[in-house]
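Pasting a structure below so you can have a look.
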Amino acid sequence: MMAAKKTQVAIIMGSDSDLGVMKEAAKALDTFKISYDVKILSAHRSPDKTARFAKNAKKNGIKVIIAGAGGAAHLAGVVAAHTILPVIGVPIESKLNGLDSLLSTVQMPAGIPVATMAVGKAGAINAAILAAEIIGICEEKIEKKLVMFKQELVKKIDDKNKQLKI
Amino acid sequence: MMAAKKTQVAIIMGSDSDLGVMKEAAKALDTFKISYDVKILSAHRSPDKTARFAKNAKKNGIKVIIAGAGGAAHLAGVVAAHTILPVIGVPIESKLNGLDSLLSTVQMPAGIPVATMAVGKAGAINAAILAAEIIGICEEKIEKKLVMFKQELVKKIDDKNKQLKI
Amino acid sequence: MMAAKKTQVAIIMGSDSDLGVMKEAAKALDTFKISYDVKILSAHRSPDKTARFAKNAKKNGIKVIIAGAGGAAHLAGVVAAHTILPVIGVPIESKLNGLDSLLSTVQMPAGIPVATMAVGKAGAINAAILAAEIIGICEEKIEKKLVMFKQELVKKIDDKNKQLKI
Amino acid sequence: MMAAKKTQVAIIMGSDSDLGVMKEAAKALDTFKISYDVKILSAHRSPDKTARFAKNAKKNGIKVIIAGAGGAAHLAGVVAAHTILPVIGVPIESKLNGLDSLLSTVQMPAGIPVATMAVGKAGAINAAILAAEIIGICEEKIEKKLVMFKQELVKKIDDKNKQLKI
Amino acid sequence: MMAAKKTQVAIIMGSDSDLGVMKEAAKALDTFKISYDVKILSAHRSPDKTARFAKNAKKNGIKVIIAGAGGAAHLAGVVAAHTILPVIGVPIESKLNGLDSLLSTVQMPAGIPVATMAVGKAGAINAAILAAEIIGICEEKIEKKLVMFKQELVKKIDDKNKQLKI
Amino acid sequence: MMAAKKTQVAIIMGSDSDLGVMKEAAKALDTFKISYDVKILSAHRSPDKTARFAKNAKKNGIKVIIAGAGGAAHLAGVVAAHTILPVIGVPIESKLNGLDSLLSTVQMPAGIPVATMAVGKAGAINAAILAAEIIGICEEKIEKKLVMFKQELVKKIDDKNKQLKI
Amino acid sequence: MMAAKKTQVAIIMGSDSDLGVMKEAAKALDTFKISYDVKILSAHRSPDKTARFAKNAKKNGIKVIIAGAGGAAHLAGVVAAHTILPVIGVPIESKLNGLDSLLSTVQMPAGIPVATMAVGKAGAINAAILAAEIIGICEEKIEKKLVMFKQELVKKIDDKNKQLKI
Amino acid sequence: MMAAKKTQVAIIMGSDSDLGVMKEAAKALDTFKISYDVKILSAHRSPDKTARFAKNAKKNGIKVIIAGAGGAAHLAGVVAAHTILPVIGVPIESKLNGLDSLLSTVQMPAGIPVATMAVGKAGAINAAILAAEIIGICEEKIEKKLVMFKQELVKKIDDKNKQLKI
């Protein structure tokens, strides 16, 4: 399901146990027909590969990086340190309900932003949508898909209301 | 100091008491020579103006919206509901240290992302940098400024180390 | 089970997944014979319908609005922005135990109150009772039902004490 | 400044140290020309007087009770136990930033609702507005004041925007 | 299993759903051969009975009151308001992990102490031991049982160490 | 001001910086004419002295131990480990608002209770009152003082109400 | 599996219910071929044995102590009070998600450090690795094992990436 | 005051604003006559220098690394990723009271430990003492200083008790 050449988005995560959450980002990118790549890269266990990935991402044509991690979730911040691409962080649930993951991802010092999403699957899906919104600024094709996506959200709620029984 | 025509970024905030924090975003955009507009718009006190602003932002040429709010900080989420532009949320300190502002901004449901920054001034500065990174994807001029900005960060630390006395 | 004409209370919720909690409000209203309507309305996914609903609620004869939502729970606040009717907020459990839902609902800025209830089902039941108390101010029939309801609470505890085995 | 006969709202608080916050509720009621009474009543230090007050409130013509307390803030809940009037709780700041006050006020068991407001002064102001909304359901005079109050909120934001300098 | 005449300890709880936790207190009192009584009494649903119980406890020969409650746990505080007996509070787990129960129980204002225990079963057991320690101050028989109980704790750990396999 | 022979209560604290809070306990014991002793004893810095103190407290005639500490507040728990006397813990404010002090004091394992009070000065005052309640069980003189103390609480609120101006 | 003579590390825990977590530390030490001993020692239930253990640890040849405990987790701090050996604390999950265990372990006063690890199994494993790093400073054999261990971490991620399917 | 050749400890911090806290570590190392070096190194602003520093620390003779950082405090974790030396993390106060700094430092994944200290100055002092304890394992000179340091702690408390006035 991974898109072919000219990958626009990189989805990275700290551990393969994060895949259950992060594949939601992949599925959402599929609906926007945005090409992506998925990789396990740990800020702590494979720091050099992570740094190399981040430094080369732009020249490899990547436009947005989505990074998911839990606990002392440093991955998004560490990647953001090495790139001028927008980095989107997805905090993944942990021992402390994901509060640690959220704070470790969002409380970045001035100079190095991480665009932080909600904890868990909703966050992973939204990371993909934000990536689409970012790419959509200069790609009209994506922009149109986003307009349709928003209309679809309204329609789904209409349908739910029709089925609603209480 | 507000930039002239073809405004690229809108900085909005829930109350004029948020200006002390949010003008940091404006100052940071100045360094990237990105044009912006500043407005007070409340999700709760002026909901119709806020909705109208959000719906028209794209056609008015805005590329990124930065929204700062505190407490039950709904502004960024409400704006995101009405636009397909990337919306960046800055949680502003409150009675509960900003934890309420942070959670109200970041925990968005699947479908409507808000790119959430750190609480307070660091978050406002980073909102501007993230806006630059997003615009930089299709504007080479901004991209170059970001590369220089990152080099500057390293240099500043070098300078601090030279002055370091203990 | 939904009451016929002259609906007095509107029960709205952000998603059909909230129905398990919010139908407790409906059941409690049934015991007070207060008519109500149930709708899915999202502050984020169907913002225009939500605003329209809130603006028209009063002229449609609604007296109290009960709004349930989880995560960055903006629904009650957004509805309150558009009406002068009392709005009761029910925070629904989420990734962060409902702390995010609670803070997003209760920490409203001066000017726009949301009458916030406990997290989850107890909150949904209490929303209905509060609605009855509010309507009971000018409807003697409801007032009497509330007096009986309170006596019933005492009696139930008496019964439990009789059955108590340890 | 306290209104004359036929008092509609009772403002009570656990200690005179809460007055700095709770007088905001009184001032807001003044703007709606709603009559009120202010009393110190402690759930813990004067429990009998508190219970007597709550039991008699309705027959004394009170329509809404606003109760402010901090720490293990039991006042609103204890009063709600003795009345079928709507009880609005205002959590007041404490050693733990008001999180204890908030949770003690809002997490009421099924059967006894407390309409909880934000922590501190914003909460006190909103308690008065909610009281107005509740009374406004059957008093057209108040209803009109609320409509004007909401228009005023929008106008104030317009004024702020005109003055905005950055 | 409930002890006969001259009841020394009252175990009360807000709801029969708390019995699973609070019977641990009863069992622990059995091991100290301290007589007790168990009752459901709600600060919110049966406030008059609760007040009456608390006011009469001392003259009924009760020496220590153990009160368990969850959520906005007002029971221990409300009882303490009406008695000069030592009141021990046991916070019971809730939607927010028991943090609300704990803070509502422990953060009492100056003048009305509640001896707060840990959240849940450990707290219920410890409430009984604390009751024994309090009664043990003037009853030598209980004092001896406490000395033996402490020796038993050490012995149990020795036994566990002997069985320890890793 | 420290009472002479036959000391009934020991007030201990982890550091002399805790004295500002803990002297409130001493002052409150003075009003009940309960004799006490004040000592600095650290669970971490002088563990042997602390253990010796706790082991000998009962045979030295002490009836209740009040222990104040902040941060990883182990003092009350460590003392409780060595005695069958009731131990009252006062959590003292810290870097994390006293939440760490509170949790370290209250969350004791089954077997070793610590009667935990509110964070800070209110907690210190209440520790003294609880000590009086405990001693009052077998000392009629103290019991009478407690009855008067409770009447005084009510009277003070009456006085405040008379002075109340708004 | 416990290593023979010249034990270098002591693994202690407050209760046998902590063994499920703490045996992860033992297994990790096995991979470094570091000898260890496992014991149940409670700061509260067997305080004298715990103090004796800590005082003698150094002269018994122990180099590092790993202590796991939950709730009001005093074990690591109490042991650190009696030794100049490095003490590593592992907070174990509890009623409050382990936040109480974490704060009770980490917030030690100046003078008595506890090297605190993450909550739960990850923390237990890391305690063993930190012990290896500490011993590795003066034991070249361990140092080499650590270098290999780090290389292994990278390799495992490479393998996971090869297997990655999405 | 910085010690000359053969530096044993490196004190690093994310920003010069952390110096107020971190110089406490330096002062404490001075009392143990342990040589150290102080540097500003940011995980986010100077990631390459930070990685290089960490990779070379061991071969440069460093035995222990102390890293202080606030907010999304990644410094200690990032350094730990590149070295097999023990890394001690000091969480520095921030917008959220240091809870974010603490969780970002301590919740490390299995494989990469960070020995986390208390938030703020107490943590910085303890980082130095832990470093001394670690070095003391193979340096008898340091070991003796630690024994004296512990005796000094007891003596200081004795002195405070002599001066105690209440």
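Worth pointing out:
For clarity, chains are labelled A, B, C, D, E, F, G and H in written order, and residue numbers in each chain start from 1.
Everything that follows uses one rule, which is that contacts are C-beta pairs under 8 Å (C-beta built on N, C-alpha and C of every residue); 3 or more make two chains touch, one makes a residue touch a chain.
Being a predicted model, the structure only gives us computed values, none of them experimental.
Common neighbours of subunit F and subunit G, listed by label, are E, H.
Contacts with subunit F and subunit H are shared by G.
Inter-chain centre distance (subunit B to subunit H, centres taken as mean C-alpha positions): 35 Å. Taking the mean of the C-alpha atoms as each chain's centre, subunit C and subunit F sit 43 Å apart. For the pair subunit A and subunit F, the distance between mean C-alpha positions equals 52 Å. For subunit D, residues touching at least two other chains, in rising order: 15, 42, 45, 48, 71-72, 95-97, 99, 106-109, 111-112, 118-119, 122, 153. All chain pairs that count as touching, in label order, are A-B, A-C, A-G, A-H, B-C, B-D, B-H, C-D, C-E, D-E, D-F, E-F, E-G, F-G, F-H, G-H.
Against subunit E, the residues of subunit F that register as touching in their complex are 63-64, 84-86, 88, 102, 106-113, 115-119, 121-122, 125-127, 129-130, 133-138, 143, 146-147, 150, 153.
Those residues of subunit F that touch subunit D in the complex are listed here as 93, 97-99, 118-120, 122, 153-154, 156-158, 160-161, 163-164, 166.
Contact residues on subunit A toward subunit G in their complex (touch as defined above): 1-2, 15-16, 19, 23, 26, 38-42, 45-46, 48-49, 71-72, 95-97. Across the complex, subunit F is touched by residues 14-15, 42-45, 47-48, 51, 71-74, 77-78, 80-82, 94-96, 99-100, 103-109, 111-112, 114 of subunit G.
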